[in-house]
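Presented sequentially are two complexes of chain A, the first with chain B as partner and the second with chain C.
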Partner chain A sequence: MVESKTVESKTVETRVDPHGPAQKNEREFMLDVRTQDLEVNMGPQHPATHGVMRILVRADGEICTGAQPHLGYLHRCAEKIGENVEWLQYLPYTDRYDYLAAMNNNLGYSMAVEKLMGIEIPRRALMIRTLCAELNRIGSHLIAFGTYGLDIGAFTPFLYMFREREWMMALFEKICGARLTYSYIRIGGVFNDAPPGWLSEVERFCDTFEEKWQEYVDLLMVNHIFVQRTANIGVISKAMALDFGLTGPMLRASGVDWDLRRDMPYELYAEIWKSGCFAIPLGTGERGTLGDCWDRSYVRVMEMIESIKIVRWCLGAIEPGPVIADIPKTLRVPTGEAYVGIENPRGELGHYVVSDGGKIAIRCRVRGPSFTNLAVLEELMPGVLIADTIAIIGSTDIVVGETDR
Partner chain B sequence: MDFRGIHDRLLAVAAPGLLGHDLPRPSNPADKKDKGRAGDPFVWVEPALLPAFLEVCRDDPRLAFEILVDLSAVDPSKDDPNMWVVVQLLSLSFRHRLAVKCTLPKASAALPTSTPVYRAAQWHERECAEMFGITFSGHPDPRNILLPEDWVGTPLRKDYVFPDEYHGISCK
Partner chain C sequence: MTLAGLAASVPQHGTNAINELLAGVKPDFVPVWVVPLTAIGIAIGITLAFVSVIAMFGTWLERKVAGHIQCRYGPMRVGWHGWLQPIADGVKLLLKEDMVPLGADRVLYVLAPAIVLASVLAAMAAYPLAPGFFFADIDLGIFFILAMTSTTTIGVVMAGWSSNSKWSLYGAMREAAQVVAYEIPLGISLLVPIMVAGSFNLLEVSRGQTGLWGMSWYVWPWVNPFMLPAFVLFFIAILAETKRAPFDLPEAESELVAGFMTEYSGIRWSFFFMEEYAAMFLYSVVGAFFFFGGFESPLTHFAAKFAGDGSVLYQVAAGGTLIVKGFAGVFLMMWLRWTLPRVRIDQVMTLGYKYLTPLALVCVLGAGLWEVFLAPHLPWRQYLP
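Right after this comes the complex of A and B.
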C-alpha cells in the first residue's frame, strides 16, 4: 500500500475533493486509488440530455472536473427562416422551438407582432389565450418533473404524469386539432372558438388534476431517495443566477422573487393578479440549500397548482364574444422594432422583431430561456460527482429545440 | 421608470458612450414618405464603450439592470454598410427594460466583449459572432456555438450565400 501511495501522489495533488478537508479518512483512502483524467462524451443521444445535445464531461474517477456543453445538433435556422417567410407564415415555426410549450411560443411571437401593429385583442380571445398558455405550462412542468424523476432513477411517476399530460393534449387536440405543435394562438387572437363543452371539460381536468397533484408530491417530491439525490446538489446562488441571466423557475428557485406575469403583466395577468387568485412560488431551501436541485423541482411543482388557479379564474370570467381581431390575410407590419418577453414555463421567452414596413420581417430574434439557463452548467459541474451531473442537467429543464432553434 | 426617466438618469450619470436615443413616433400626414416608427424606444451607444456603458447600467442604484436578457445583432439590409448590435436589459428592482443599440461597420465588425460585466453575454456573443461575423475582442471562449467549427460564412447576414454542399451532403 505504501508503495502505490508514493507512485500516485503526483496525480492525486490536482484532484478536486468535493467533501473538503473535513472528511480526512476518506481522502486518505482515495490517495491509494490510481486515477487519471478521463474525457467522456455524454450524448448527443443520451437519455438524460432531453434532446440531441452533447456534454463533454471531464472526470477524475467519480468526480467531474469540468463540463462543456456542445449545442447545435438541432439547429434548424429558425431565425433565418423568419427573415424569409411572411409574418403569418412564421407562426408554425415558433411551435418548433420549445415543443413542450408551443402555446406559449405562439403567444410570445403574436404579442411581438401585435405590439408593432397596435392591434387590440378581443377579451374572449385574451381569456382563451391565457387559459391555453397556463394549461400548456402545466403540461410542460409535468414533463419537466416526470423526466427529472426518470433521470435519477424513479421510473413510475413519469408514467403517471404522462397520463395527465395526455388528457391535456387531448384537450388541445379538441380545440385546435394538433397535439404538440398547435399554432392556435394567432396574431390578433386565436384561430377559432372553443368547441361546445370544451370549457366544462377543462374544469373536469382541473378537478382531477388537483387530486393527482397531491399524489405527485407524496410520490416523488418528499420521497426520501429523491430528496437525497437533489438536496444540496447544484446550488445556484442569487448573485450567480442574476449574472448568468437565468429566468423562470431557475431564478425563482434561487430565491429571487420575479415573475413576468406579475411584475410586467401582459394579456390579462394584471387583472388576475389583482384578484389575488394565484401566488408566485419561490425556492425555500427547505430540504437543503437555497437554489439547489430540489428547490428547482419544488418551484415547478408548486407552479402547476398555481396555474390551475389561473385556469379556473379564466373559466369563471369568460364571456361570449369574438375570438380574433379583424386582420388582413397578408400582414404589413409598420416600420419599427419591438421586444416582448413573456413568462414561458422555462423562463423569459423573448421575441425581438424588426420590420421595415414590408410583408417579411428583417429580423426575427428569439431569446430562448433554455439557451441562457444551460450556460450555467459550465459553472455548476466542476467538483460534483458523476451521478450528480445528471441530477443537475435534469434540474435545468432544457428543451434542446429551443437552445438550438 | 419609463424610458424618459431612464434616459435622463443615463445623462445625469454621464454614462460612457451614450450617443442619443430613438423614440417611436406617429407617421407624418404631410409627408407621405414618412411612415413614422412603431414599437419600443432605445438608446444608441458607441460600440467601443458598450461594456463600460453596461457596467454603469448594472451598478447605478437607480437603474439597477441586474439581468442582461438578450444580446443579438441585426443586418438591416443588403445595401446598408452597417449593422446593429442590440442588447436587452432588465431591472428586477425597478421593473423596467432598456434596449441598447450599437452601429458597427460590416467591413470591420468588432467590439469589446461584455462577458466581464454580465456572464450571460458569453453564449449570446458566441452566437452573434458566428451568425454575423462580429469579433468580440477579449471573449474568453470564442468558439462557434450552434454551427459546426468548419462552417463557412455568416448565415444571418443578408448577403449570405447558401452552400451547395457540406461534407458531401447536398444542401440543394
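Right after this comes the complex of A and C.
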C-alpha cells in the first residue's frame, strides 16, 4: 500500500517532461500558449540549504518538476589531508566535516585507527566517549529539529533548542575547552578526565532536558500546522530507503529497524543494549504515511530522549580509572586496513584507513551519511510544491560540511 | 452609491479640526483658498508622522516581543531598553547605498515601494485620531480603508515583477493570490458588525457602543452570537492581508529568501516594513472599531462624564484607548508570528476559499436572521448597544 502510493505520486505529476509531448487534455491549451518551466537556483546562498549547497530546481509555477543538487562548495580535501598528515594530526580535521557532531566524528576516526593498532581502551574512557557521543547526538538532533522548524516557518522553537544546546556546549567546553570542534576523543581514549563535578552537571542537564523535551513535542512536533506541512510529504518507502543506502534516522523513519549501535555494536553499546535501557525509535506513519517528513522528525525527537537514557546509564556505571591507553606521541600504525562504521546522528559514518606501517595513512576515506542521504532528494522533489522542497531538504538533515568534506 | 455621491459625501461632515482652527486665526490679507490647502498639508504631515511613529514603534515592539518570547531581551543598547533602535535603524537605512539590480525595470522598481507606502498612507486618512480630531469623516469609511489597503498588492506585484529575480516573482504571485483570496472573507466578516451597527462610518460605529460604561462592545455574544466567530474570521483574514505569520508566504524567509523584497535594500526596503506595521495597526484599529468598541472604554466613559464630550481630556482618553486597542491587536499578531509555523500556499488557498468564505457567509446569514427575528424580542434588549 505504502509503496504503491509513492510510485503513484512519482508517476503522476513528477516525471513529466515539460518539453516533451503534452498530455492529451492539455494539448488544445498548449497550442496557443507557450509555457516554460522556471529554473531556480536554490542556493548556494539560500536560507534553507543549511550551508553552501545549490539545488537547481525546475518549477512549473509553485510545483517543482525536478531538482538537482550541486555539491562541492564546501570541499576542503579532508580525505586527502588525511593522507598527508600524521595519524593524530588528522583528528582535528574530523571535527570539521560534520561540525554538529564532532564528538562522533572523533570517535569514528579514533576507532578505525585503534582497530588497526589493536589497543585496549580503558573502561572509563569508553564510558566518557559514549557519554560524549550521546550528548553530542542530542545537540545535533536539537539543531536538526530546530532548523527544521525554522524551515517550516516556526522561529521560536529553534531558539528554545539552542538554549539547551548551549548548555550541552558549555558541558563540552568544561571537559575539553572547545565548544564546537572538540578533538576530545583521541586515539586510545579521551584527551582528559572529566573535571570534578562535571558528571553531576550532566545529570542535571538530563533532568532539565527531559522537561524541555516535552515542550518541543508540544510546541512543534504535534503542532497542527507543522503536522500539516510535513505529513505525507517526501515519502520514502522501505524499499526506496534501502535502495538509496540511507542510514540513520532517515532509514529508521521508513520503518527499517537498523541501528549500528545495536546491530554492529561498538564501544559499550552491546552492554548498554543488553541492559535494556534504550530503544531504537522507528517511524510509525502515525500522522501520515510511513517514511514521510514528519516521521523523520519524529525519529530524531525520540532519539534525543533515548540518548538521555544512555547518558544516564553511563553516569550510573562510570568508575574511576585511567582515561587514555598508553600510546606513544608519534604513532606508527601497523600495516593493514580497517573500516569502522559508527552511528552518527545522521547515519553511518564510516572511516576506512590503510596503513603501510608508517607515520602517515596511505589511504583515508570517509563515508559520510549526509552525502548518501542527499541522493534521495532528486527522487523526492519532483511533483511537490516549492514549500515542500524546503520541508524535504530540511528533513534529510544534511550537513554540507560532511557532504563535501 | 455613485462615485459622485461618494465624493459629495466627504465634505458633508465638515472637514477637520485643523481647517476650523486655521480659519479662526487666518489674517484678513490671506486669501480664503489658502486655508483648506494648508489644512490638507498639515493633515498629510500629521498622517505621515503618525504612520512613521506607528511603524517605528511597531518594529521596536516586534523585536521586543520576539525577544521576550524567545528567552532573550531584544534590542537593549540604543536608549532605555532599546527604544531608540528604530531611529538608529532608520539612519542606517537612509545612509545605505541606493541600489537597483541589473536588469530590473527601473521605473517600476523605484515606484513600487512608494505605491505600497502611499496606499497605506491614503488608508490612514480615514483613521480618526480622536472623536473630534479626524481628517476625513467618510460615510463609507471602512470601504475606503479596505480599498486603499488592498492597493498595496499592486505595489507588491510591481516590486516582485520589476526586481528581475525569480524569488521576488514568486513572492509577488503569492501575494496576489493570497490577498484576492482573503479580501473576500475579510469584507464579508465585517458585514456582521456593520449590520448590527447599521453604519459604515467608523465614528458612528464607535458611537453605537457607548453603553455599559463604555463596555457595550459588539463582540459580546449577547449582542449577537455570530459576532465572535466573525471576529475570528476577520482576524485570520487580516493576518493573511498583512502577510503576517502563519500567512507570511509572500516573504517566506526560509523558502523565498525574502520574497518580493529580496532585491530591495536601504530606505526602499524599509518602506515595505513601514507599510507592514502601519497596515497591521490599521487593521487592528478596524477590528477595534467594529468589534471592540472603538473609542469606547470605561476610561473614555468617565472622561466624557466628568470632563465633558468636548474636552481635551476626553479626546485624549478616546484616542489613547483606540491606540491601545490597536496595539493589542498588533501584539496578538506578533505573538502568533513567533509561535506558529508557516502554512503552505495550497493550504492558504484552501483555508481562504473553502473554509473562511463559506463560514463568513454563514455568519452574515445567522447574524442577519438574529437581528431581524430575535433581537427585537430579547429580554435584555434595552441593554444592547
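FYI, the second predicted complex is superposed on the first by the 370 of 405 C-alpha atoms of A that agree within 3 Å, B and C clash if a C-alpha of one lies under 4 Å from a C-alpha of the other, contacts with A are read in each partner's own complex, and residues count from 1 in each chain.
Just so we're on the same page, a residue touches a chain if its C-beta (ideal position, glycine included) is under 8 Å from a C-beta of that chain, and two chains touch if they have at least 3 such contacts.
If you're wondering where the values come from, they're calculated on a predicted model, not measured in any experiment.
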| item | value |
| --- | --- |
| Clash or fit (per the criteria above) of chain B with chain C on chain A | fit |
| Which superposed partner A:92 touches (first chain B, second chain C, both, neither) | neither |
| First, second, both or neither for A:153, with chain B first and chain C second | second |
| Of chain C and chain B, partner touching more chain A residues | B |
| Which of chain B and chain C A:66 touches, first, second, both or neither | neither |
| First (chain B), second (chain C), both or neither touched by A:163 | second |
| Which of chain B and chain C A:44 touches, first, second, both or neither | neither |
| Partner chain(s) touched by A:265 [first = chain B, second = chain C, both, neither] | neither |
| Touching partner for A:382 - first (chain B), second (chain C), both, neither | neither |
| Cα-centre angle that chain B and chain C span when viewed from chain A, reported as a multiple of 10 degrees | 140 |
| After fitting on chain A: smallest Cα gap, chain B-chain C, Å | 24 |
| Of all residues in chain B, those that touch chain A in their complex | 24, 35-40, 42, 66-70, 72, 74-77, 86, 88, 90, 92, 95, 97, 99, 118-120, 122-124, 131, 144-148, 155-156, 158 |
| Parts of chain A lying in touch with chain C, wherever the complex brings them together | 38, 40, 46-48, 61-62, 149-156, 159-160, 163, 219-220, 223, 225-226, 228-229, 385-388, 390 |
| Interfacial residue positions of chain C with respect to chain A in the complex | 66, 69-72, 166-167, 170, 173, 245-246, 248-249, 252-257, 338-347 |
| List of chain A residues in touch with chain B within their complex | 71-72, 75, 77, 79-80, 83, 115-118, 242-245, 247, 256, 258, 263-264, 333-339, 341, 348, 350, 352, 354-357, 362-363, 365, 367, 371-372, 374-375, 379, 404-405 |
